[in-house]
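Structure incoming, see below.
Chain lettering (A, B, C, D and E) follows the sequence in which the chains are written, and residue indices restart at 1 in each chain.
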Amino acid sequence: MTQTASAEPKKGSALKRSRGGAAGDKVFSNTALAAGVIILLVLAFVAIFLVTESLPALWPQVFSNQDSIASADTFGQYVLPLMGGTVLASIIALILATPVAVGIALYISHYAPRKIATPVGYVIDLLAAIPSVVYGAWGMTFLAASMVPIYGWLHNNLGFIPFFAGDPSTTGRTLLTSGVVLAVMILPIITSLCREIFIQTPKLHEEAALALGATRWEMIRMTVFPFARAGIISSVMLGLGRALGETMAVTLVLSPGVFSLSLITSGRNATIPSEIALNFPEAFGMRQSELIAAGLMLFIITLVVNMIARWIVSRHKEFSGAN
Amino acid sequence: MSKRIDARNLNVYYSKFLAVEDVNINIEPRSVTAFIGPSGCGKTTFLRTINRMHEVIPGAYAEGELLLDGDNIYAPGVDPVNVRAMVGMVFQRPNPFPTMSIRDNILAGHRLNGARMSRSEADDIVERSLRGSNLWNEVKDRLDRPGSGLSGGQQQRLCIARTIAVSPDVILMDEPCSALDPISTLAIEDLINDLKEEYTVVIVTHNMQQAARVADKTAFFNIAGTGKPGKLIEYDDTSTIFSNPANEETQNYISGRFG
Amino acid sequence: MSKRIDARNLNVYYSKFLAVEDVNINIEPRSVTAFIGPSGCGKTTFLRTINRMHEVIPGAYAEGELLLDGDNIYAPGVDPVNVRAMVGMVFQRPNPFPTMSIRDNILAGHRLNGARMSRSEADDIVERSLRGSNLWNEVKDRLDRPGSGLSGGQQQRLCIARTIAVSPDVILMDEPCSALDPISTLAIEDLINDLKEEYTVVIVTHNMQQAARVADKTAFFNIAGTGKPGKLIEYDDTSTIFSNPANEETQNYISGRFG
Amino acid sequence: GGSNGGSNGGGEGGEGGDSGSIAGTLIGGGASSQESAMTAWVEGVKGEHADLTVQYDPVGSGSGREGFLNGQYSFAGSDAAMDDDEKSQAESICGPEGVFHVPAYISPVAVAYNLPEVSEAVKMDADTIAKVFTGEISKWNDEAIASQNEGVELPDMDITVVHRADESGTTENFTEYLAAAAPDSWTHDVVEAWPSDIAAESAQQTSGVVSLTNSTEGAITYADASQVGELGTVAVGVGEEYVEYSADAAAQAVESAEQAEDGSVELDRDTEEGGVYPIVLVSYHIYCKQYQDQETADLAKAFATYVVSEAGQSEAEGAAGSAPISAGTRDAAMQSIDAIGVQG
Amino acid sequence: MKTTDTAAPDPRTQVKKKNALTAGQKPAWTWIAVLVGALVLAGVVTAVLSGGFNWPGFVILTGVFYVIAMYIVTLVVENRRRATDGLWKNLVWGAFLVALLPLISVIWTVVGQGLPTLLANPNMLWVDMGGVTGASDQATVNEGAPLMGGFLHGLIGSVAITAIATLISVPIGLMASIYLVEYSRGGWFSKAITFFVDVMTGIPSIVAGLFAFAAVQLFITTFIGEGPAQLQMVKMGLTAAIALSVLMIPVVVRSTEEMLRVVPNELREASYALGVRKWRTILKVVLPTAMSGIASGVTLAIARVTGETAPILVTAGFAATVNWNVFSGWMTALPVYIYRQLVNPTAPAAAEPSALRAWAAALVLIIIVMVLNLIARIIAQAFAPKKTGR
């Protein structure tokens, strides 16, 4: 069957002659790689920065010749309540925002009449455009006050649940209010990513479901959600990142205090970012290390949460769309 | 079960564009009807109006009446979901659900009805449907793998299996064999022959030999030019259409070299 | 221009799965070769190794040699882009670029590579390619509309036009007519006949009549069972394959009823 | 503080102060309590030295001192004086002579409450104030308060304590006062951040606590007096009498306080002297005694001179509502300012 | 022509009087009845529970009752599937309406507080705070003098800092996600990037600011010098832009990555098969297809950082006057301006003018981001896949 001699390309073979733009490929892929490297470097620097700055608080005996840190006996005592508060606030925000955000995304992609969908999408994006200071100011002046009667009601009727135990706040400056503000802030983030992904669901698959006699909701469950699974989780994580790291809004809305499960009492709970923002200006020496170490802990929370999310996504990799 | 289909003065639009004009056709139950015609003449479009899949496209709508055993599916208040449960459809392009396993793809229609079934019932349905679409042997060992890992032809057969699994009254097929090899095509044609014992089958095909082989009646659609609406030119027994068409256009189309 | 294709001991893998085993084949320049065989036997897979599209799938690779006019396209240092520029491909499923107009789709091969050309040159290419794929009349008035607004058949012809627009040496077609009506099929077959004056054409088809009509030589692939690799069973002049095949498997496949 | 270097640099600097030739940018940062006064000074000093640009970063006292110590700021604004540790660190920037403090901004801290029905100032002694803020007294008509306010109709209302959520000099001053004047009732430390085991309402910055108090009936807070606005203010018990805050009474507190060698003052919180308002926030400007270059020294000297001058202080009073420093304090400050020089 | 003119109606195909397809459906007026019922019930319940009539409670209860009652009615009259479908439809609509509440409330607050000031003092847009002291604000309050000062410096600062941050982070973020989706084959390196990008999303903004400050300080002290003069260079617009980039990059990477992943492979293959190089395929086929998603991701990222306060305060200082130079001198961004005006009024005793300026600035900030958003959408529209086919 074989009669052609050479198996190697001849000299000057058209195959090896570079067709315009071969260099472009190299440059482009290397640029892409470089971008990845830069991100890792920046992150490495952030991590190094955080760790070196927080060492005195993490091991006071070794790194600062002190027996204990400034605001508590041990660092754990100081930071664990803060971590609790941060996680609590973020969970409230996620629980409130995720269903609503996914709902709106669906509304835009599959429910709303076309004429309404576009402006609604735009208007939701607007929410993302509002600076967190403004959310903070809004939460402080408007939302907190209007939550007061709700807290009273929750306490009277659901007071047996630890979350609603304790004296209801008279000003509304509580963790629950902060959670609501955070929810409003992360809503557009989750919505707009989900919306983009929902829209990408292949029409072929949607039609396949409809043709089987699926109702709209069933079609969404059969095709849109599985297709968008990874994307939804991603966007929720992005929202969570924002909620965990949000500084100004919480700072303006919450009356901080010690950790407590009660969400409706003032002067309870605090979040790490607002703790940093509130105290950093006056912090000095050990106190400053403590605050940065608290930032490091937040970093670690994010790390763990994202590990879990990635794990969930990767479990179903082979059944995901695009191919 | 099986249903009669009657279209009356049906006009089909994409927004303002009239794609198919004034179709009147009676399709008998327990028969196979083939739609033939040049590309772009509106076969797919008309087929999709029969189970109200057409309106899924933004801006698309149909005017006129389409009766399923005398019930107008375009009457106000009719839920398209009901229509689609009665009128199954196989698409031109295979579209298995990529996130589901082969098994789940087949059972997708049943699961919708919330019908609870035993493992063995489900296995029964899966096997019967896959055998019906001549795919059983190829996939029986990997029922739990994703459906998207199959070859084009395998995927199309999977979609046919998925549609017949729910036993609709009418089955619409849009060029179901265009991606299939002769062996599978043969199996599908046999299947269609079996199906017509119980169902009304409507099939779009470009392969006139196929139409001649499987269809009891054949409808020829044509289009006068781009931008013009497609029209039903002639509808008659398959033998008449292929041997002795009444219309000159049909004659011309039929007598062209074809494959 | 036109190129000879020689495969030597070619094994094609999807990760660990050997999809096509030990193919040896010589394809002459200026000829049309048809690949036939049952679904899943690896026709598409092998076709895609000819222009190194196979390796685009994660984990997929090929072993052995594939010579293009004596140059091994799998030799180290060969740029797959060069190979693909010489070996054009039309896919089983039409895949026009959704973001581009019809016109831009045709010019994609040129434009995407950054080629600059005058308006009239571009118009020329567009018209020539569209006429070549028998689509010109249908779309000449809406060249600036998106390509995805066409019917399935129209889309496939658009993809053919897009491929011939860059004038490759070899054209691979994976069931190019499976979505086409007889008129367009006819036009494509004529086109293939024209193309072989200048190009090497390889076509995968399920339609054996089509193979008989257009191909000079035919290769029959088969597969022993699921999970087994596909193999090239017989390769010979088309007339020999269809009238007097040397291999029993070929005989069986050919003599089955087919469409 | 340590001082063992010669002072010949100071002499030279003395003559560099003639106006008109001062041009450049002086960068400082620190306490945000001074922000609005600083705005006034930054504008006001232009009237004397048109080309002197001062920029002030209201990052907070701690960050201000830190920025000063590592050279980012040429002067710091701080609600607290530097401790010995910091002062010795400062020698790397300021040379062996170190730093000095100018008590440039004096603001009385008012104990303000929101009781629209009560028209005259509620009187409380230090003990009562401490008990209110620790939550021991939780009703406005509590016997402890009522006994000091004969004839005033106090409502039967819960007291909502509002404190600063952020660390601040105001809190430090207030707790310092409580710890000194009511040691029995205030068992907590002197702290910059409100003790977290007292659960109460809080808000960020003075404007935050004031607006929260404004919107919550029955609330009580402590805040820079200039910002309390319409709120009622407590007349604080000093010795036998009750003193309402006033600029004079505040300046008096600083005047009568003991001044350390580095310019910082040690307020006498439990004074019994009449007419002295004991809860006073003193915010310092911290300068090097010797700068590394002549230009910065000149700029700093010019600015510092303006700030303590009568014009500067009254500008701040007009803009920020602070209490002008007394003549005695000014004289003491000017001595140090005049001595600003360059490191030899 | 046998069948095309079957004008005479076949008696068998006569439309039946009663359409079997609509049998067993709830009548068309059901929803009105249910709504009325829900309104009444909600009215009664609110009145009983709260001892008086209150609007928010009434509206919420009506919604809840309506959704539940529709579900039950459909369940009883029709079937579970229809009921479920209707339930989710109502819930999705509900989600939309619920989201409108805070939106309207926030916008109402900002516009209500900011617009009148801005209309009365349009000059705020082109003056800075130079020369404005507490005294002038007190004059405004006490003597009705015109409102002084504006936020031009903040406007310029915000635009400059955000623009630089965008210039830094969009290319990096975009290229990194291209690396992840198009080039990486799932090795440890890409896993590391994805993972650490996720982690970056959780960096508190103030930490990003501190980090940027430390990084620039390190750079300047190593390469330029360590004197006070050099140290005073650290705070500048660029440092703030770096801080914001740290916050922006993960948002850009994550959203872009998602969008690139859903671009169908057939398009890439179509392009490769034409002999188009990978980088051109990515640039000309993949990116345009994903453009609308990318654009909204980038807009989100920009929107997120333009609202940041804390990191800018620690990195760019605080200026009262216009500074055009991002590479030297302090800069103020609008959020910082808003924040400082709100928490530390120029005149503590007369805080109102500061609040007015702050709200006006907030309104302007929102408008800027809105306009950005609009531009992004227009760009996206120009590239977006023309979705008409199947």
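Heads up, the rule we're going with is that contacts are C-beta pairs under 8 Å (C-beta built on N, C-alpha and C of every residue); 3 or more make two chains touch, one makes a residue touch a chain.
According to UniProt, the chain labels map to these proteins: B, C = Phosphate ABC transporter ATP-binding protein PstB.
All values derive from a computational prediction rather than experimental measurement.
The minimal number of chain-to-chain contact steps leading from subunit B to subunit E is 1. Summarising the inter-chain layout, the chain whose CA centre lies farthest from the centre of subunit B is D. Between subunit A and subunit C, the centres computed from C-alpha atoms are 47 Å apart. Taking each chain's centre as the mean of its C-alpha atoms, subunit A lies 40 Å from subunit D.
The distance from the centre of subunit A to the centre of subunit B, each centre being the mean of the chain's C-alpha atoms, comes to 46 Å.
Residues of subunit B in contact with at least two other chains: 81-82, 93, 112.
Contact of a single residue of subunit D with at least two other chains is seen at positions 32, 59, 63, 204, 208.
In subunit E, the residues that reach two or more other chains under the touch definition are 81-82, 85, 264-265, 275, 277-278, 280, 342, 387, 390.
Residue ranges on subunit B touching subunit A, taken from their complex, read 51, 53, 56, 58, 80-82, 84-86, 88-89, 91, 93, 95-101, 108-109, 112, 146, 148, 159, 162-163, 166, 168. Those residues of subunit E lying in contact with subunit C across their complex are 185-186, 264-278, 280-281, 284-285, 288-289, 291, 383-390. Of all residues in subunit B, those touching subunit C in their complex are 37-40, 44, 92-93, 137-139, 141-142, 150-154, 157, 175, 177-186, 189, 206-210, 213, 226-227, 253, 256-259. Per the touch definition, subunit E reaches subunit D in the complex via residues 129, 131-135, 137-138, 226-228, 231-232, 234-235, 313-314, 317-320, 330, 340, 342-349, 351. Residues of subunit A touching subunit E in their complex: 19, 21-22, 24-25, 27-29, 31-36, 38-40, 42-43, 45-46, 49-50, 53, 99-104, 106-107, 111-112, 120, 122-135, 137-138, 141-143, 184, 187-189, 191-193, 196-197, 200, 202-204, 207, 215-218, 220, 227, 230-231, 234-235, 237-238, 240-242, 244-248, 272-273, 276-277, 280, 292, 295, 298-299, 301-303, 305-307, 309-310, 321-323.
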